[in-house]
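Below are structures written as structure tokens.
The same chain A turns up in both complexes below, where it pairs with chain B and then with chain C.
== the complex of A and B ==
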């Protein structure tokens, strides 16, 4: 056990001579994705000592594409927030790409804080079979890497319909091959005027620098409006807490996980085991969910009504622009230090909309920079427009302004 | 109106014709014939018909009577008249007369009734239409109305009669009724105690008595010689349909007596009690040892209203070549059977094999059942070909078999399993075939119980540790010998139910010590649990013994009611809940605080079910089954407060869109194939690899219910 890895793979050799799309690519995962035989506790006492019997679909696909599974990192409890998360250090120590569950923007914010690329695919294009999740309607496998090509390669390997994940919709597969093709500029990028209210002066200056760079590589920037923008946070918090409370119901200390020693009857066994399993941050989140579930279900339904409206407003905006651009992270809100539900949400405010609407979003480094502080440039596309989004990100990142692609 | 002149409705008759009477009671039923209104007026004594007509009552009283409704409480003055020939109602005791009302006073009005109370028709030869499907919980919720019904009043009055007979007879016999405390010390033996917290001694508890056992023995030490009490007892046991958390016992103890005294006393007493219900019990009651009862009926409370007692067939098969029997006898087992006389028509091969042998008997714990139908020329069965001629002949003789009989046998290495399974089978068949005669009461004494039962670690008392053994020269460390000891205990059994039981007690401190030693209790442990009682045995305790009888059960049997709740004024329902008062209920945390109970669950532990109503966080902790400790309280409170604010915010901004639960269209995916898929991991057993506790091929969990 290291302080970076919960499990480090010592036998990660690929078969010699095999030519595979991900040959030599070292992948770090989080311990909430099932790898047969690896400890996989999702950072929670609720899964104390749990060792999966089966690989997750993502793992199966990575292995068959020839990737080297370097190990699994440490993570926050059940992936809520980033406290204790060590993916970045694994990347610093040699891993090429990280698979990181993105429920609120974890992959993008991690990338933005470390000068890396981060990608959250459209909801429903990567199988969640074997993912020990918390918020089924919002979470998906995010990727963090030093370059975009690796992200495209890994996405190509892991995306696609999986019969084991019945939540995946029956819709045409995302054509990721086209992500490698050149991109026709100019593209239209929208800045949501309501989002600007969230930014402080430094953030505005950084963002303007990023927008200038985009214009320099041929983007047409225009201001658009999402009237419900300020509600993304509340909708996310309400819906996600309910889904988390529901998802965490399975941690009953019977089939796996931690069993408290006391408990003479079934109820006491649950109460004590679950009380000891979850730490206080996740507990607070689960209590919020329980409040909506058991005391005010109407509020949960209302949040889902607003979610419908927000999805509709976002779709409308994509009729006039190809992409929306935002900064990725906020200064002064460090997600690795966020100790309350409120603080966690504060640190992911700019990334939540992609999760609420199921849209793909990519974080591009080294654009939104002011005085050496990179807050990250986040480009969000229409759902299932992942390939074009990655093309645009490539254009933004690698085009030398006024010249040819680097 | 002056109530001192009041007469009772049900006692009026032809001799009263012409008399002016004052009656008071409830409107049981009404019949409106236009100008003339008839009502049934009911009081505790019965029902009488009252007539309001313009001729006898005058228009003012008639108009007032028009406003009467069922269960109004009224007072009536009138004249007793003989009914016109042909209008008598033999359905009520006063059916030959009626009362022509001259005055009426409504004493109290009644609202809409939750169910009908009247049980008597106003028309001769027609039975009152009653909705028999009134739920018991509704009856219990409005018990005061339910108890107005003549049937229920009769139950309570007969119960009173039974108790009176008990008191009168025991008084005649020199017994003194002494009350023993309700707030007493918790003893770890027996069932669970109901505990009562003490305010003066925070975190200390009284227990409500499970029985006055030790107190009544102390009364013997006190020299009361003959004590009895009709006393409430409390046991916090698992729910059963015919069980109440509190119940009434006739408890009795006497000094300088032996078993014969108690048998004779109790037989005469129960004969008198059953007479209240019109049942004449034959004396003396038969007696049966526990061993005979088990060997004949498989039960320590045999139902002897019908035959079908067991025959032992073990010896018939000593040298059998039938493999299953041979194997069982080789392991020291036994074979017992019953003869279901003349029932082969109703017990076809199919019923015997597919219902009884395959389903019913395995449900009683036996691995199988052997059946034989007696036909012309011998036995017919699916296995009889494995029996020798001599074995077949011996079976026919042993079971006194005749054509048309069905012989059923159960074989097992365990004697007690054979007894128990065959005993249940006997009852099942008797019930199914209607072999149990109604209106028959078969009391008997079961005696000579084993003093001890074997446990994993040694022995435990079958009755209680104060029961006198049949001999006192035993070695308290010899488990085999201890298990041969019989107790001087006795049960009074009737129709398969235990009505009561008792024993001669130990009055010798040295013998009591040896019993504790046999039970593996050290002097210190015995002292801690029963010290006050053991000390009393050191001061000249007389020889004594006693018995206790379950009054609720006996009264229910005397009155032939289907449940003991019918003979209890305010019972709990089957779930040990009182729909009338909504007990048990949560209490204010202030009450708990006063009792020093708020932190009883240990530091920070939430006490389930107590403060929920007071605190949203506690309630959420309970419904989501997540305990929180004190250090987490503040954060969680803040998060829940945020949730309340979010609820307001989304409500204000909800709009009219449909709720969207997923951004992708939700589709139903039906798994192909029809055969259930069995996980490969359950087949390999790997599925248990992650289990925190397992036992055999199962996940081990806490008990579902306490």
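== the complex of A and C ==
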């Protein structure tokens, strides 16, 4: 074990000879993505010693595309927030791309804080089979890399219907090949007026610099309104905590996970084991979810209803613009330091709308820069519009000096 | 004050699908423990449930057989509770949006006539694992068998229309008959493929109020359901008469002591919509196909049997209650035999034989075609009832033709008057006192002498002819 890796792959399971689409691409994953035979504890004592019997769909596809699995990095407990995350260090040490769960913007914010590209695909485009998740309706496999081409290559390998994930809707496949074609300009990019209220002066200046760069590529920037924008946070927080509380019920410490030695009966053993397994941040989140489940179910139902409305409002906006643009991260809200549920939400305020609505979103570095601080440019597309979104991101990135190569 | 009971039943029925509800493991809970398992039904992290089409279809057929309305949209929820038989902490069940609603079954009321008992809804859910408690050793241990985990169930929730243990038992029997007809479920309380929980409250007779109810579990036969309810009604009545309040709680039926005892409250949590199992949207085409698969149900079949075959209402009901029997009856009758004679033979000879052997018709070697040939020989007088019965026993076990069996077993009826004459001569010679008795007017003697004569013929004498000849000789 190292500071960076929870498991480092020493074997080479790359098929020799044949040149495959991802030959030579070194991939680091988080230990909540099942790799057969690798310890997969999702950063939690609740999964201590758990070794999956099967590869996640993403892993199967990466392997068959010829990628080299470098190992699994350290992650925050059950993928909630970014505390203790070592993905970027693995990338610095030679990995080409990282697969990390994006539940509220983790992949995009990680990329933005380190001058990298980050991508969260549309919900339902990449199989969740083998992902040991916490919030099934919000999370998906996100990607972080130094260049967009790698992201497009990896997406091409991992996207598409998987019979092991019946929650993927029956929809036409996203045509990622078209992401490599040139982009027809101009495109219309919307700035959500309600989102501007969140930004401080520096952030506004950075964002405006980014918008100017986009206009230079031929983007038409226009202001749009998402009346429910301020509700994204509450909706995410309420729904995600309830789903987390329900789905984390499976950690009973009987077949895997840390098991407390004390307890007169199974009930006491459960309580003691869970009490010792989860750390305080996740515990607080699970408590909150349990509160809604048991004491205020109506609030959860309201949140689900509002979520549907927000999805509808977002779809409506995409009738007038091709994409929505936002900064990716906020200054002064460091997710690696976020020690409370509130602080975690503060640091992902700009990214979580894509998770609530299941939309694809890409983070482009070196655009929203002011005084040397890069807060990241986030472009969000209509659900299933992943290919066009990646295409537009390339167009923007090529205008930035060094923007598509690191 | 006179009280009346208000009873609602929640009945879990295991569907007899080939696989489990959300994976391809065999639906055979009785196999060697933990043999029929995979990461999905072991509920290991990272796995996703995949709804079985067969289970959905069988559940829908069962709903239709109970006159329920299939809902255009239904969905699975995570029913949260923590117990070692459910290591993932929630059970997938349709809490908010059940598969069907508003059904009913008819029963014969206690005082005669028909009573319709309503069904509130039917939903699908997965079964939990089975705990095996070993208390023999130094340290008692509990083992978990996942063969049952994830097998498909439907839960049938009645309206509180039931008023007595009798009605509860009739309701269960009616449900069972309907469900077995569809072929979607075995419904055996003894084998655990049907489990009944009863909610019981009492109120002053004739009032419309609903009082605090008590749930009773752990009955393993229909009889026990009736007994447990009767016990619970008496217990609650006594409480009220002593001025004690009824508390909302769950009780377990003890089949040995024949009492209910309070159990520690099981933690019952909320239900959250499951984000991974897709919603079920029923299309008209699909529903039509399911409806076409629903067989002609007993009530309708009984009407048709009465009309087409001239059976009495009781006979028609008896011939239609069990699907195998009904099909066997109809096939036999179609071979040109008098339908009422077929009915009579099924009810008085075949059914008791099957019951003795605890077999269904399909499990024996008997076919309708061979049964019909046997009855035809009986009709023509080739064999008598005694002979036919002997051959029927053999037909259950062998594939030989009934004709061969008659010849081999020498069951052919003796109608040769000279042969019978010899038998009668011998009997009369051996029983002069009885013959004297008859001549003094005791006609009962004929029966006694007939018995002896039949026995002497090894059961093969044509009884009608024998009696005629005997009476003539005695006179």
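Note that in this section the second predicted complex is superposed on the first by the 397 of 406 C-alpha atoms of A that agree within 3 Å, B and C clash if a C-alpha of one lies under 4 Å from a C-alpha of the other, contacts with A are read in each partner's own complex, and residues count from 1 in each chain.
The rule we apply is simple: a contact is a pair of C-beta atoms (placed from the backbone, for glycine too) under 8 Å apart; a residue touches a chain by one contact, two chains touch by 3 or more.
Small disclaimer: the values here were computed from a predicted structure and weren't measured.
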item	value
Joint occupancy of chain A by chain B and chain C, clash or fit	clash
Partner chain in contact with A:81 - chain B first, chain C second, else both or neither	neither
Which superposed partner A:137 touches (first chain B, second chain C, both, neither)	both
Touching partner for A:129 - first (chain B), second (chain C), both, neither	second
Between chain B and chain C, more extensive residue contact with chain A	B
Partner chain(s) touched by A:31 [first = chain B, second = chain C, both, neither]	neither
Partner chain in contact with A:302 - chain B first, chain C second, else both or neither	first
First (chain B), second (chain C), both or neither touched by A:270	both
Touched partner set for A:164, first chain B, second chain C, both or neither	second
Touching partner for A:254 - first (chain B), second (chain C), both, neither	both
Chain B versus chain C as contact partner of A:335, first or second or both or neither	neither
Contacts on chain A seen with chain B and repeated with chain C across the two complexes	50, 53-54, 137, 166-167, 169, 254-255, 266-267, 270, 293-294, 304
Contacting residues of chain B [partner chain A, same complex]	606, 608, 616-617, 619-629, 631-632, 635-636, 638-640, 642-644, 646-647, 649-651, 653-665, 667, 669, 681, 686-687, 689-693, 699, 701-706
Contact footprint of chain C on chain A as seen in their complex	34, 40, 42, 47, 50, 52-54, 56, 128-132, 136-137, 163-167, 169, 242-243, 246-252, 254-255, 266-267, 270, 293-294, 297, 300, 304
Sites on chain A touched by chain B in the complex	48-51, 53-54, 123-124, 137, 166-171, 228, 231, 234-235, 237-238, 241, 245, 253-259, 263-272, 274-276, 278, 280-281, 283-296, 298-299, 301-309, 311-312, 340-342, 357-358, 383
Parts of chain C lying in touch with chain A, wherever the complex brings them together	39, 43-51, 78, 80, 82, 84, 87-90, 142, 144, 269-270, 272-273, 275-278
